[in-house]
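Heads up, the next two complexes both have subunit A, just with different partners, subunit B and then subunit C.
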Partner chain A sequence: MPTVESLDKLPSMSKVDATRSIWLRLSRLPAIPLLAFGIVLGLALLAITAPVLAPYPPTQHNLAERLRPPAWVARGSPEHLLGTDLYGRDVLSRVLHGARVSLSVAVATIIVAGLIGGIIGLVAGYFGGIYDAVLMRLVDAFLAVPAVLIAIVIASTFGPSFENVVFVISLFYWPRYARQIRGETLSIKERDFVQLARVAGCSPLQILVTHILPNLAPSLTVLASLQVGSAIVLEATLSFLGVGIPPPQPAWGVMIEDGRGMVVSAWWISFFPGLAIAVTVLAFNLMGDWVRDRLDPKLQGL
Partner chain B sequence: MDRSISYCLDSESQKASRVTSEPVLRVEGLRMYLRTQQGVVKAVDDVSFDLYPGETLGLVGESGCGKSMTCLSILRLIPDRVGEIVDGQVLFQGTDLLRLSESEMRRYRGRHIGIILQDPMTSLNPVLKVGEQVAEPLRLHQRLRGSALWSQVVAALRRMRIPGPETARNSYPHQYSGGMRQRVGGAIALAPTPEVLIADEPTTALDATIQAQYLALLKDLQQQSQLAIIFVTHDFGIVATMCDRVAVMYAGKLVEIAGVRELFFNEPWHPYTEALLRSVPRLDEDVGRLFAIEGQPPTLHDLPAGCSFAPRCPYAREWCAHKAPPVKVGAGGRSARCWKLFGYGQ
Partner chain C sequence: MWLFLFDRAVQGLFALWLVASSVFLLVRLSGDPVALLAGEYATPELEAAIRARFGLDQPLGLQYLIYMQRLSQGDFGTSIISGEPALREVLRRWPATLEVATMGVVITLAFALPIGVYAAVHRGTVVDYLARSFAVVGQSVPAFWLGLIFMLVFAVELRLLPAGGRGGVQHIILPALTTGWFAMAGIARLTRSSMLEVLGSEYVKLARAKGLSKRTVIWKHAFRNALIPVVTFTALVIVSLFLAGSIVAETIFSYPGVGSLVIQSVRLRDFPQTQAAVLFLSFLYVLVNLLVDVLYRYLDPKIRV
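The block that comes next holds the complex of A and B.
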């Protein structure tokens, strides 16, 4: 074998090549996921810069300008591009600030639900036996409870607030993480490298954290990206029912409820937040689908 | 290749040292029972053998005869829910591993007894960098950190002749070929310089040339470090190449232990060993039909009362089916379990 040593001197991929390949990959994305990524990215930017971007504070009343239609409709004013609501609050400003609320609820839910569900799934899958039986029955129980009903009970007991919305949504989303993680842990723990990690002197905790968890990253990503959409819808539902984000705050669900009585006369009050929800959820779902197609090991090789 | 595979039948010096030295690993009456749906299965049933420094013990037998289960039992890697070691001793340099607590056992596993598994595709973690995986046992067993750790990692990879050991720090297993991955597996097992290496069919998944290279490499490392190897295989070619002694397993029991030379040049004691050797096709004989042992190996939850091999044995007499055969021990640690050696109990 004369050439073994010369392999050492093969050039490795440099940093410049790596950044270029990321751009190359992005530019080769099909149109739909590219659009979805663009919308998600744009939303995130809008949400972050909402205080700067929005022409008015989201809760500022201006009774002189109340119920003004969007700028391009008769009686509309260029001062209020998407019109104003019953109290003269600027709809555009409120929709922009609403993105902040929706996205932060979604992100917080994913973190809380992912953490709880992940830990429970890992423990149930890795230790098995009685742990598995008890924890998975708990999961079944939670999946059987109607989310909205419990949310109303919790909100009416503790009062509506951002924390309670995150708590309620997480309460109903962690079982999905737990199930998925448990299933994959079951199959990963049987692979030889886990056995070898024990030989290397790893404790169960070290095996879970350094060997099993990194292997779950793709499915966690898929699950998280697919749940953003439904978390946003559930948040809007709760807010609409008055058990989510408390009213003066500009949540999309709250705004739809605000305009509910005037859908015929002042359609713009509930139309634009509704449109925002639809576009956001669609973009997140399309992105989630694409991420799943790329990362889901079950679809690999199909 | 820079060296031909040396047949180990000439390693007389090792044999001489074996007689004087203490065994590094002594397995005594090991029994491991598996819990299954059909009931308790005696997967490892009264297995005893000694392993001396610098020697290679081949462990052969059909699939499901308990070879791998014996190896996992030695390392206590059988999960509690699956099975249980019910009896026996595993003495590593005089310490009974079966009596250690789990945290004490963790200090022996890998540090003193390493293992290489069969499939290089699943024995490496796909999402961890190769260097990290070689470093792990060194970090946990020897508490190495920083540059001392990395120089040991590079040294371990270099010992297994992995090209570009420095780049392993930043590469992932999928960037390596099967043969290279198996070398990485070897590097992981041998990095903490164990005294005993369990090689569970390490070359089964490799093609013939890579297999020969790998075996030569192991043999080389063994000669440098007096490493004792338990080599699980069902390839008698490998047995002839690698091993000093062979232990033959059948249905969870060790049926014969003998030196390779005794087995190949004199006749085997146990009819099962004889049949196994006859099943190996030979290049210098022209046969129309390959020899196969009649019948099936018994299912372990329904073993015959007497000798497990009796239903397939051409020498079996009525007696064999009723009473389990005792072990006949001969010179040089040779032994076998067969009624034929005792005149069928007459």
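The block that comes next holds the complex of A and C.
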């Protein structure tokens, strides 16, 4: 084992070495998380490049080509690899664009829920007393409310739209962030460096932002990565029920609903978006599990 | 214990109040129901009459008070479509939801418990690996999509089960499987890890050392103790079966339960009906949550949540 002195004598790493060591680290990852990371990365790329990559615009009708099966099935054509739906829209193009919708909903809900839950958790944990009591009661009440039901009522009230889906999902994810952040803030604020900052005359805002927040980064990351999968499923479920992303848009849940009535004669319309959801959520869940085990094994119960 | 019960009951009531109030607010925000009811060519007199009939001419605060008072008396309003009390339709459909949920729990446990136990006992074997993969993959597949696949395979291709509607036991199986799927994966996973923990404990080793048969040790000694966390998890899962699961599965399989009523009435913009169904399901949700809390404390006094 190298001693501290011997480590000091090591030559400093050049840029090339640093890049190499990143690759070295990645290649040492166990196979499953590596695969999950790969899928997630690939999905993000597909989502970003969907407008270029997709062979057709996702909402373009083409009645001459309607209900074409996938290319490898009889009557299928290489023009439409995964077939077309009732209006002749290209299923592959829609699935690719669907990745954009799903991922942007997931990212947006993480940001919104993380911000609201984070701020409330920080305030409750740091200021304690009456703030803590009131805010945590609110959190408990929200956790006791059946999320999907209220989501349906909200979505049907304001009409289906991207913003409303994000709002609804965030509304039911923020309490988890609030609870976790509050607990950690409680213990961090007793640590010496926070006490010292207070003695040195830092304002509460300064302490929260510069001293406490950075220490919360690991658990925020873990929570966020574990949440992506379930946010995607919830969005798809709402869209499927007709209270999520509105129909002409290529959301995966919408596509499954589109094909529901024709599942016998045209299975591919519902099958591929469902497969896309399953693969995406699986990759995110595996990645989330791995991130949790690495960053904070204490969070096993989440 | 009494203090704890009281605390939980207050919390439950608060949650119900939150649901009831937000439903009230949302329904009022959703645009003018009068315009919808009266139609495009209604005269102002007709609109005014409808407004008066549903109490929509009162100030919002008073409407809220009346609404709350009626709710507390069990009056959930009248369905716009059928003109019947909204709660009547909910209660009529309730047995359908209950039978799907019950069957869902039975199927879930019938698969999940043996899989979990078997995987734990044969740890590290191919079967264990398969069981764990099933649990992880199972939690990633959306239930509504799986429901469609089930329908395609079991109803259309194999013609073993009906594709929808309510009837005998065979009608319940597919919706129940769809509702229970997510839970099945989770419970199998939990049973496995709980069994592993118990199998490594001193008393199981002692039981083995006494020369008891493997079967007795596994089922009489280990399994019983491994069940504690599983029971509470299952109870929580039942709650979600009643809700999200029932809505999705009943919609896919056109099963006439409370869940499909929610979606149906939302589509028809029958707001008192939506309100009644949502409040009814929320009430159940809060109630079962409360029972689970109590059960949890009773089963495992070490836990002080």
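Throughout what follows, the second predicted complex is superposed on the first by the 279 of 302 C-alpha atoms of A that agree within 3 Å, B and C clash if a C-alpha of one lies under 4 Å from a C-alpha of the other, contacts with A are read in each partner's own complex, and residues count from 1 in each chain.
Note that in this section a contact is a pair of C-beta atoms (placed from the backbone, for glycine too) under 8 Å apart; a residue touches a chain by one contact, two chains touch by 3 or more.
Not measured: the values here are computed from a predicted model.
Colleague: With both complexes superposed on chain A, which partner does A:Ile256 reach: first (subunit B), second (subunit C), both or neither?
Modeller: second
Colleague: Contacts for A:Gly128 in the overlay, against subunit B (first) and subunit C (second): which applies, first, second, both or neither?
Modeller: First partner only, subunit B.
Colleague: Looking at A:Pro246, would you say it contacts subunit B, subunit C, both, or neither? Reply first, second, both or neither.
Modeller: neither
Colleague: Quick check for you: in the superposed arrangement, does A:Val148 touch first (subunit B), second (subunit C), both or neither?
Modeller: Touch status of A:Val148: second partner only.
Colleague: Who does A:Arg198 touch here: subunit B (first), subunit C (second), both, or neither?
Modeller: First partner only.
Colleague: Name the chain, either subunit B or subunit C, that contacts more residues of subunit A.
Modeller: The partner making contact with more of subunit A's residues is C.
Colleague: Would you check which partner chain A:His211 touches, where first means subunit B only, second means subunit C only, and both and neither mean what they say?
Modeller: Once the two structures are laid over each other on A, A:His211 reaches subunit B alone.
Colleague: Which bits of subunit C are touching subunit A when the two form their complex?
Modeller: Against subunit A, subunit C makes touches at 11-12, 14-15, 18-19, 22-23, 26-27, 29-30, 136-137, 139-146, 148-149, 151-152, 156, 243-244, 247-248, 251-252, 262-263, 266-267, 274, 278, 281-282, 285-286, 289.
Colleague: Could you pull out which subunit A residues touch subunit B in their complex?
Modeller: Its residues touching subunit B are 1, 4-5, 7-8, 10, 12, 128-129, 191-193, 195-203, 206, 210-211, 214-215, 217.
Colleague: Over in the complex, which subunit B residues touch subunit A? Could you list them?
Modeller: Answer in residue numbers: 1-2, 75, 77, 81, 106-107, 109-111, 114-115, 117-119, 122-128, 133, 136-137, 140-141, 161, 163-164, 166-167, 170, 185, 188-189.
Colleague: Per the contact definition, I'd like the list of subunit A residues that touch subunit C in the complex.
Modeller: 137, 140-142, 144-146, 148-150, 152-154, 156-158, 229, 233, 236-237, 240-243, 253, 256, 260, 263-264, 267, 270-271, 273-274, 277-278, 281-282, 285-286
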